[in-house]
Each structure stands twice: as C-alpha cells, then as structure tokens.
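Once you scroll down, you'll see the structures, which are given as structure tokens.
Below, chain A partners chain B and then partners chain C, in two separate complexes.
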Partner chain A sequence: MKVLRIIPERCTGCMRCELACSYVQTGTFQPARSVIRVAPFEAHTSYAPYTCPQCAEGWCMTACPVGAITISPVGAKIVLDDQCVGCKLCTIACPYGTIFYNPETQKAFKCDLCGGAPACAEACPTSAIEYVEAETGDWLGVFAATRAARHHEMQVAGAEVG
Partner chain B sequence: MRYPVIEESTVRSDDPVRQDLPGGYAGSLLRVDLTSGRIWTQPWTPAEMRQYLGGAGLGAQLLWEEVPAEVGWDHPDNRLILATGPLAGLPVWGTGGLSVVTRGAMTNGATSTQANGFFGACLKYSGFDAIVVQGQASRWVYLSVHDGVAELRDAAFLLGKDTWQTQDALHARHGLPGHQMSVYSIGPAGENLVRFAAIAGDYGHVASKNGCGAVMGAKRLKAVAIARGTKALRAADPQGLFQAADEIAYDLKTNPTAKSLYEYGTLWGVLNLHGQGALPIKNYTTNIPPEGTDLAAWEAPSLRQGFDHRGHQCNACGMHHCHMQVIPTGPHRGELVDEPEYEGWAGAGWAIGCTDPVAISWLNTQVDRACVDVNEFGWVIGWVMECQEKGYLTKEQLGGLELRWGDVEAAARLLHMINQRQGFGTVLAEGVKRAAETVGGPAAACAIYTGKGSSPRGHDHRARWEEMLDTCTGSTGTLETGPPVHPTEFGMPARINPFDPDAVAKNVGTHLGRRHFEDSLGACIFTTRTLMENLCRALSAATGWEYRKEEAMHFGRRTAVLLRAFDLRCGLGPELERPSPRYGSIPVDGPAKGQDVARHWEQMLDVWYETVGYDRKTGRPLPETLRALGLDDLIPVLWGPENRRR
Partner chain C sequence: MATRHVIVGGGTAGLNAIRTIRAYDRGESEVILVSAERPYSRMVLPYYLGRGIAESHVFTATPAHLAQLQVQAHLGRRAASLDTAANCLTLDDGTRIEYDDLLIATGSSAVKAPVPGADSPGVHSFWTLEQARGVVAAIREGSHVVLVGAGFIAFTILNAILALKAKLTIVEIAPQLLPRMIDRTGAEMVEKWLRRHGVAIRTGATLTAIEEAEGRRRLRFREGEDLLADVVLMATGIRTNLEWLNGSAVRVNRGIVVDDHLRSSVGNVYAAGDVAEGLDLVTGQPAVHAIEPTAMEHGRVAGANMAGQDLAYRGSLLMNIVEVCHLDIASFGAWDDPTAEAVAAARPDRWAYRKLLWKGDRLIGAMILGMANDIWTTNDVGMLKGLVQAGNGLGAWKAHLRRHPFDIKPAFIASGTTARLLPETILGRPSVPVGQVM
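So, the complex of A and B:
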C-alpha cells in the first residue's frame, strides 16, 4: 500500500503541508483544520510534520462503537460523517494523536490520503513528505529522540535555545 | 494591567469566512490606543482594499491621514502600523509578511520596512489585516492577539530581554511553541530608544529600517504576540491561485536572478559584490579584502558546510534559504545563531574589517537579538574603528575600549554600551550621522549616511550608483525602489552600464512603485522576484479582481507619492537628497577605483526627477503627476498658496 512517508530531517517548518491539507479538508485556507500537523522540536530549531500513519492495527476503527470508521479503496481509515456520533472515543484510542474532533460539526476527522493524491506531499517544497509504496511506520521516533538529546546537550552547555 | 476588549464595530472579526469581501482579506484592522488602553476593530470596505491593498500601501494612507507635521517620531500620536497584505496566509511562497509603517526615528519621516516569518499568516488567521498602534502606555505592555481577541498585558517580566528571549518567554507564558505563535518585539536597544533600533520576530526576521524599534520603545510596547488563529481565509479562485503560486515557484527556481537565492539565499552576495567593488570593506576605506582573507571560504557552499544547519523557513515558503546554525568553533562554540543574510555578513563583518564567517555569524545574531539595524550597526562600528585607528577618537572617549578592525568581541561590547546608552554609547546610539556631527572635526568626514539620515544598505554604493541615488531620494527611510527585477517588463534594457548617470537615474525612476506594490502583498522581497504578471495573477486569483501590471504600478506610484508628500510635510526636502562626504567619495582601489559619483550627482537627480514626475526644485510631485494618479485632492495641499513660499 502507498503511505505517507515522512522524512523529518528535510522539514524546514514552512507549514505548506498544513495549508494544502486544510484546503482539501475545508475548501479554505485554515491550518487549524489541517489533519497533518507540524510540531517544533529542539525548542524552535527543528520542525517535523505528522499525520495518521494508517496504522495496521487501526485503533480508531476498533474503538468506534458505531462502526463509523472504515477503510477506503486507497487503504486510508476514513470517518463516515453520516455514521459518526461524535463520541470522541477514536481520538482517545489513537496512540499517535492523529484523529481529531471538530466541535462545529461534532464529528471526528482525520487524514484520508486525499483519496489517493495527498495534497501535503504535493505541497512540500523539500520532499519531507512522500507518497510511496512502503511499510507504514513510526517516522518520527528516532528523530524526536536524537533532537531531544541534542537540545538537552545544548542546554547543559548553557546556550540559550528556549 | 488587563484591558477589556472593546468591540465597537458591527463586523466582528470572528465571523465565519466573509463571502462579501475580496478573497484573501480578513476584513478588519485592529486599533490599539496605548494611552487609554482602548482596543477596537475597524472594518474596511472592498473598495478600500482595492485602493490600498495592505502593507506599505495601507500604511502610507494611514500615516498620511493620521500623523500631522507636529507629531514627531516619539510623539504619542505617532502611529505604528504593523500591516500584512492580501497574499499573507495563502499558499504563495513566503507569505507571512509584515510591513512596518511609521514616522521613524532616523529621518523623523516616513518609514516602510519589511520582515517575514509568520506574522502576517498568524494575524490573518486571527481575523485582522493590520494592527494600528497609537498612544503611549504608562507602563510597559505587550499586545496579545488570539483569534479575534486582543489584550494589552503587563510586560514587566520581559524588560531587558533580547528579542529571542522575549519570544521564548512569551511562547512559554502562552503555552504556544514554534509557529503556533508569532512574536515581534524590541530588544534592549528599542527599550532605550536607540535611534536605529529595530523590531525582530520569529527568530531572525527583522524590520530594521529608520528606527522603527525606537518608535515602539517610545510607545512602551515591548512585543506583539499573535497566536496562529483558527479562522479561515478564502481565495476567490483557489485553483488559479495554486497555479499562479506554482508559476512563481517555477520562476524563482529557474530564473537566473532568483535561482541563486533559491539555492543559497544571499550567501553568494559577498563574492559577487566583491567582484564589482560593491562590497563595503572597513568603512569604505578600501575595496580589497584584508591580507590573508580566504576568499574560497566565502563561496556559498563552503559557507554552508562550515555549520550544523537547520532549515527555518517563513510561512509557506519553498526558498529554503533561512537557516539556524550552530557555532562550530571558538569562544561561542555550541551557540545557536541565525545564518546571516548578506546584509549581516557585510554589516557585522566586512564593513568592520572582520572576514571570519564564524565570528560574523555570532555577532550578527547578537545584533538581531539586542535589536538594532545591522546596516547602521556596521556604519557606526566601522566609523569608530576607523576614527580610533586615525586617532580621531581616543580610548578614553570610548571608556577604555580599543576597537581594532575585525574585533567582534570589542564590537559586541560597544553594542552593549549603545543599547544601554552607557558613556560614549549614548552618542553612538543616535546613529553615525548625529554622532559624527557631535564629534565633529576630521571624524565627521568618515561617516557613512544619507542627508535625510537614513542608513545605506550594506553595499559599497560607490560602485552601485543606482542604490545610492535610490537611498538618498527615497521616502521610505531606506532605499525605495531597489534593484530592478525583470527590467525588460518595463521596457528597460536587461543590463545597463552601472556608471552611466543617465541610464542609472532613468532605471531607478522607471521602477519607482514596483516595490511599494510588492511590499503591500504580505509576501517577501525574495519571493516577489518574479514577473509582475505572475504577482498580479496571484493577487487576482486570491481576491477575485482583475488586477493587471498597470494597476499595480499605478498603485505603487500613488503610494510613493503619499510617502513623499508625508516626508515633505515633515520637512524632508530635496536639499537633503545627497550622500555624506564619505558615502559619496571616490573608491581608492578595487574594481570601481576612481569612479566619481559626486561629479554626476546633480545630473542623476535631474533625470530621476524628470522620470518620476516630481518638481526638481521643491521635490513635490507635479500637479499633472498627482492628477494622473487620481490624487487631485493633494494638489491644493502640496501646491496651495501656503506652499508657494518654498
């Protein structure tokens, strides 16, 4: 299956992916509604995006009491709006924190791989997000650990990095 | 101190996406009166949006309307306008733009100075197109904006902090890390009203010109912190916008003039300008690098290889030239700095005789953090170094400090004295023009400045006459037109002889207005280095207007005229449009050796005035120029009976 492979070292924190995603999600430019989210690491000096890795377990799907989450033809777990009752159990079940709740619509929402042409991968100017045939995985674990260690080192050295 | 938010307007900024507005606009200005603590929103109409666009254009109009002659830069009634534009927050490269428009401290005249980062995007997702600050707080405050809610908060805990520490502290206080909150602030320099203090934000972006940081300091406004709001922006034609954005990106990646910026930012600047004799070395005393300088280390790839780099891009930008880097060696090993742009390499380096990339990187970030304009910093420190070498300034005058060419540690100590206004630092805090006037004697002849008091950018303009003419005639507190982008679009030759006075003046005059347009979009000066046609296409797709190059230039010229009229009202006339003796001197060596700009100065002014349609004697835009720009109402103001005397 094709997945969104994230190569965090390449990210410059420009937020284009969020912008593109929000457009697909809402038809407007509203990064707050993006389902890919860019987080800072090492204070403000490194950034990396993260979105639903479409985990094999499908925790959100399993947790949903009304069966509102299903698998789309391109292999994405998707929320069926007409079934979702807004109980938020999926948002608790997801170990990655990549399924969200919209208080306005009272529905859960998440990455649906844009039906097979993810806008974030298209928008990223540094190819930090690629849509490729691969095993899904935890794209940020090693990155986060090494950046945290490096940040700690700098703080010990007394440099001000926030 | 916590002031309530007063919503006076009928349009609340938390309305859902406004279909009745042109796309790209949030729809309101945020008004803040620091004297009374009153905060209110002011809606603006679609017609006003089309006329003033945003950024520099909107700011120029507000400045002209609201800041009369008797309101000097430090008067409470001065306006500090922090504006963004219609493209900010949209997926065109580099659209986090901030334009600061105010009456500035260096010239005591109009200022338009830009920075990027995330300010514009955060502000618009919060529901505002601009912030207009007036008044003076009785105690230090910062302005917090969060999704249509704005409040003034006590800034006592931020006092004395530099701009990076201020951002760290505000991120922590609000629990919003990284790009979740854009912070623009002043450092100790602005707090102490250093005349060339700047406003910096998002770790490394600086609106640096004309002492805008001193204006903010005079208002006792330490910082503006804007949470990235949750509101939506609409584009009238999203597909068209994506297409225009792609075309701009393609142009920036492939067009030779922009390509090197795309790949290396301004890192090639040093070597390129060195080849033209336009790299300022040791306060314009030479154009030959100090002995032992390793020029190979100044090739862009080498500059980058020397550091551990981390990408640090502005909103929606693919230029990938902004970086954080870690100092690899020396006394500051391990410290985090911002990779200098060209102006930093020059002002914190070559101009003061330092050619060590590691040392300059460090000093440049200290300048941004304490927060003064790095160009003026270079001219001040370079001047002191030269004067000390020549015995015009003594060690005693400098409080025991000895400044030899290239000594960044001593320069940093002097920076501290300036920021704290200690000893001779008080004199230097006024900028090099005023310091030279105070000291007098032979020292005065060594200072680099313009007659209006603005700081030249970090080149040796004796080999770049265009920029010297532009800086001296400019009404923005800095160079006003900038080097032409795609000159053939305006019927000008792709290249001119840089020492042909007529061609130079014609080129500068013809392009007047283009930059005012760019600076009104909420984008970045690098990402607007594309065809006007592309910019207009993006603007049209965003707003739904049919916006063409002709309208853009009409708009730009109109904005330029307003800023000029404002400067004239402030008493800044054509008699000041000249370089200081050193700034306009003849290079003694290097590629531009012997070129004498002063000899051609009057001729260049003649041609420039003719080209822009201003009156050569009084500096006023001619009545026919005003009429052509739809500014008929300015004719009686500029040409009425009370002005006849001039």
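So, the complex of A and C:
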C-alpha cells in the first residue's frame, strides 16, 4: 500500500503540513486539529513531522469496543463517526500517540490518508513528506537520536568552554 | 466431522474469540455461542445513559451478524456445569452440548456493598444492560443521585448523570477517589475539579444502611450526616462469574489459571477476559485485570489457538482512561508499584499531573491527568503507553524525562520506540476489522 514516508532531513519546520491537514480534516486552519504534528529537535534547529504509521496491528481498531474503526480502501485505519461513542479507549490503546479526541464532536479522529490524496504531502514545499508505495517505518528514530546526541555534545562542550 | 468450538459468554472476550476463529477458518468449524444476554458492549452503556446514543447502538452482534459468522447461538441461556472428562457443557435448561474445545468467557457481575437495604427498590447497580435500563428510567432532571463507590466504573457514568441535570453526590469508603487507578495527589486534583463542577464528594465514608424515607432513600453512615437520595447507584466492585465451574476440573485461583496460550489446567478448555488469570505484560506475573483491552486480546489469542494456531501471548498491559467534565484521567502498567522509582510533576494551572515509574531505565508505568482539549494530554497518553508497552531501555532519555516529564515526544521518537513497536501484532499478522472477518 501507499504510505506517508517522512524524510526528516528535508523538513524546514514551515508547518504547512499541519495547516493543510487541519484544513482538509476540519475545514478550518487549526493546527491543534491536525493529525500530523511537526516536532522540534536539537533546540528548535531542526524539525520533523510525525503522524500515524498505519500499523499492522491497528491498536486503535482492535481496541474499539463497537467496531467504529475500520480499514479504508486505501489501507488507512479510519474512524466511523456514526459508530464512535467517544469512549477514548483507542487513544490509550494506540502506542504511537496518533489518535486524538475532539471534545467538540466527542469523537476520536486520526490520519485517514485523506482518502488517498494526503494534503500534507501535497502541501510540503520540500518533499519531506512523500506518499509512496512502501512498507511503513520508523522514519524519525535515527534522525532524532542523531540530532539529540549532537545537541547534547554541544551542551557539554558549551559548559566546558563557559 | 468439523471441529466444534463452544464459546461461553457473548461479551468482548467471547465475540473476539469467535471473530478470530472465523478469520482463520472462514466457517469450516462449528461455533456455538452460549450467552445469558444478547451481545452488547458494556463500555458504551454510559453513553446510552447520557442519551448520547440509542439503546440499539450498544449491541455488538445482531442475530444477522451471528448468522453471517455461522454461529449457532443459545441466547438467554446460562452455563450450569462443565464435565471436562466427557467434554460436555450443561446449560441451565438442561441442554447438553458436547465440544472439542471450549472457551470460558463468562465475565463478572456487579457486587453491592453488604449493607441493609442494598437490595431495596431505588438502589441500582450499573453493570448489565438490564441494570442500565433501570437507571435510565430512574434518573430525572433534578434527581439527587448518590453514587456509592468512586472507582473506574463509577467515574464512567459521572458525565452521563450530570448531562441528565441530576444533582450528584459521590460517596467512597477509601480516603481518596479512584483508589485503584491514581495516587493520592492525582485524586486530590480530581476531587477539586469535580467540586468545581458542582459534584458533592464524601471520601472515607462507610455506608451502614439504606432506609426507605417517604419514597426516597436515606443513606446512613458510620460517621457524619445522613444523605437523602432519589436514586442510589452502587459501584462498589465486581466479582467473576465462576460459580458454575464448582466441581469441575478447571483450576481456579483468583481467576481461571491460564498459560500463555490462554489454556486452562484442562487442555481443551480456554479462558479469557475478566475470568482469566493471565500474564501481566509488565510484571510477568499472573493477574486478573478485568478490563476491556485485556478481554479483547485474551479473546483473540484464545480464538487463534482454538483455530489451530500455536500462538503465545506476551501478556496484558493494565490500562484505564476516563474523562470527567473534560478532565482526562489515565493510568497504565505498574502505576502504583511501591518498589519502582517514581517521578511526579504537576502543573496545577493547567490541571496537569503526571507520574512516571521506572525500573532502571525502563518505564514500567505511568499516570496522567490533563484537560481533554489539551493536545499535550492526548498525545502523551498514547506515547507513554507505547513506552511502557515496548519496555525498551531509554538510556539518556530517562534523565530527560526526569527533568521534563511533560516532554515525552522527543524521548519517544529518538529512543526508536516506533521501530520496536511496528513489527508487534497480537496475532502475528495484520488485524482484520470487525466488518471484514467473513
């Protein structure tokens, strides 16, 4: 299936993906409702977007007591609004922290790959988000570990100089 | 002849077992379900009480759905006894059903506090659909509802009671709210929050009797003033439904003792959900969790093994989440392990509190409180669960989380936890959605 592949080295932290995502998902520009979230690394000198990996287990889907989460034709785990009662079990079952709860609608919400045309990938000006045929993966782990180690070394060096 | 699987109990564990059997065999075997009630989800009963959903929404398997899964259902019947030597189950109407293998998933029942008057009219439990109907009929706008017990079950119906514009008083025998879900500090925060939302609370209160008082109920306590209630809801605990196994060869400790295949002491008898004493993922010790996610995973693993797989289960992660008046309260894993190294931090201005529990550099449990509309809270609930579930050593990130317990994300991402979690599935293969089993 096609997945969102993140290439963190290309991310500039412009947040366009968050704006595009929230606009397509909710009809308004509100990054707080975006299901892709840009995380800062190395004391805000580098950034990377993070979103649902559409995992094989589908922890949110199997946890749902009323079968309100299913798999869409493009392979995304999606919330069926008319079935979701807002019990939040999915938000605690998902070990990636990528399914959310909207207190206004009292429903869970998550990345549905925009039905096969992800707005985040389209909006990204540097192609840091690609929608491609691939195995899902941990796109950020190595990047984040390296940036953190580098930041830590600089702090240590800074402390020695200072 | 086709293998005959008998499933006793139509709750979360039983239905998940059935769907899993069918996901493997596509209808080749014979599946018989014995269930005292029509299958429904207990988790969603509070939303029915609050009128957020219709009663029809609570059912998890309609007769048509069961027929589609090729399940022969004995609904309204209870299991009466089990003869494991003859591989035969007897129902309460005398029907005898022979099996090749059998799953015990009879769940648990609500227990009322043992005080005089507990069984009088106007005193309800909220556990089964039938009981929920009784409560739905009893609460009216302006009713004074006294909720006896301040545990998870009580808290799941709190929003619904307030949504019905009833006046609510919570009475708890323990010195704090949610004694089996959060620590004292968290409970104090929750108590303050609820008082602010108009809920009266009495902790450390021992109920001694419930009396009739001109159509209302008078609650008497060991100390302190009486309370007058229109409706009394007892959420004072549950007990597993195992009496019918008395005299059988199935070994019972706190629950039915099961191995990592969810098999009981009798090789072709499995147990799942509230009745099963299975492995706890974090402690590696046997435990009875009696929570929905454990019932779901138990049911699936048992179903897979009944369908002929050889599937070992790593164990269940204890977890609970409940929202009251837009405050999220969650805990998981060994959140109350007194031997763990605990780090707690509060941000009272945001009603945020959390506690992380460590063994070495592994996170083994967590507690989290925060506003439901605070993105931090929901984001971190999942990631903390992921860190406890993955159980990986966090190395230098432990120091980061000790200093910044509200900054989970970089630790989660940079520790490679996603890479550890992605290959993990309960059944060793991608999950199938409920509607796409057959």
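Quick note on the criterion: the second predicted complex is superposed on the first by the 158 of 162 C-alpha atoms of A that agree within 3 Å, B and C clash if a C-alpha of one lies under 4 Å from a C-alpha of the other, contacts with A are read in each partner's own complex, and residues count from 1 in each chain.
The definition used in the following text is that a residue touches a chain if its C-beta (ideal position, glycine included) is under 8 Å from a C-beta of that chain, and two chains touch if they have at least 3 such contacts.
Bear in mind the structure is a predicted one, so any value in this text is a computation, not a measurement.
A.B. asks: With the two structures overlaid on chain A, would chain B and chain C clash, or do they fit side by side?
C.D. replies: They fit: once the shared chain is superposed, the two partners occupy separate space.
A.B. asks: Thinking of the overlay built on chain A, is A:127 touched by chain B (first), by chain C (second), by both, or by neither?
C.D. replies: neither
A.B. asks: Check the residue A:105 against both partner chains and state whether it touches chain B (first), chain C (second), both, or neither.
C.D. replies: A:105 contacts neither chain B nor chain C.
A.B. asks: Let me test your reading of the model: by the given contact rule, A:144 touches which partner, first (chain B), second (chain C), both or neither?
C.D. replies: The answer is second: A:144 touches chain C but not chain B.
A.B. asks: Under the stated touch criterion, name the partner, chain B or chain C, that contacts more residues in chain A.
C.D. replies: C
A.B. asks: Tell me which partner A:32 touches in the superposition: chain B (first), chain C (second), both or neither.
C.D. replies: The answer is both, since A:32 touches chain B and chain C.
A.B. asks: In the overlaid three-chain picture, which partner chain does A:14 touch, first (chain B) or second (chain C), both, or neither?
C.D. replies: Touch status of A:14: first partner only.
A.B. asks: To be precise, I mean the smallest distance between any C-alpha of chain B and any C-alpha of chain C in the superposed model; what is it in Å?
C.D. replies: The answer for the closest chain B-chain C C-alpha pair is 8 Å.
A.B. asks: Which chain A residues come up in both lists, the one for chain B and the one for chain C?
C.D. replies: Correct list for chain A: 32, 39.
A.B. asks: Which of the residues in chain B come into contact with chain A in the complex?
C.D. replies: 17, 89-91, 93, 118, 121, 125, 164-165, 167-168, 171, 177-179, 203, 228-235, 238, 249, 310-318, 320, 322, 324, 326, 334-336
A.B. asks: For a test of understanding, state which residues of chain A touch chain B in their complex under the given definition.
C.D. replies: 10-16, 19-20, 22-23, 26-33, 38-40, 42-47, 123, 125-126, 154, 157, 159-162
A.B. asks: Can you check the complex and tell me which residues of chain C touch chain A?
C.D. replies: By the definition above, chain C touches chain A via 12, 41-44, 47, 52-53, 57, 60, 292-293, 296-297, 300, 319-323, 326, 328, 330, 332, 372-373, 375, 378-383, 385-386, 389-390, 396, 408-410, 412-419, 421-426, 429-431, 433-436.
A.B. asks: Can you list the residues on chain A that touch chain C in the complex?
C.D. replies: 32, 37, 39, 41, 48, 50, 53, 55-58, 61-63, 65-67, 69-71, 85-89, 91-101, 103, 106, 136-138, 140-142, 144-145, 147-148, 152
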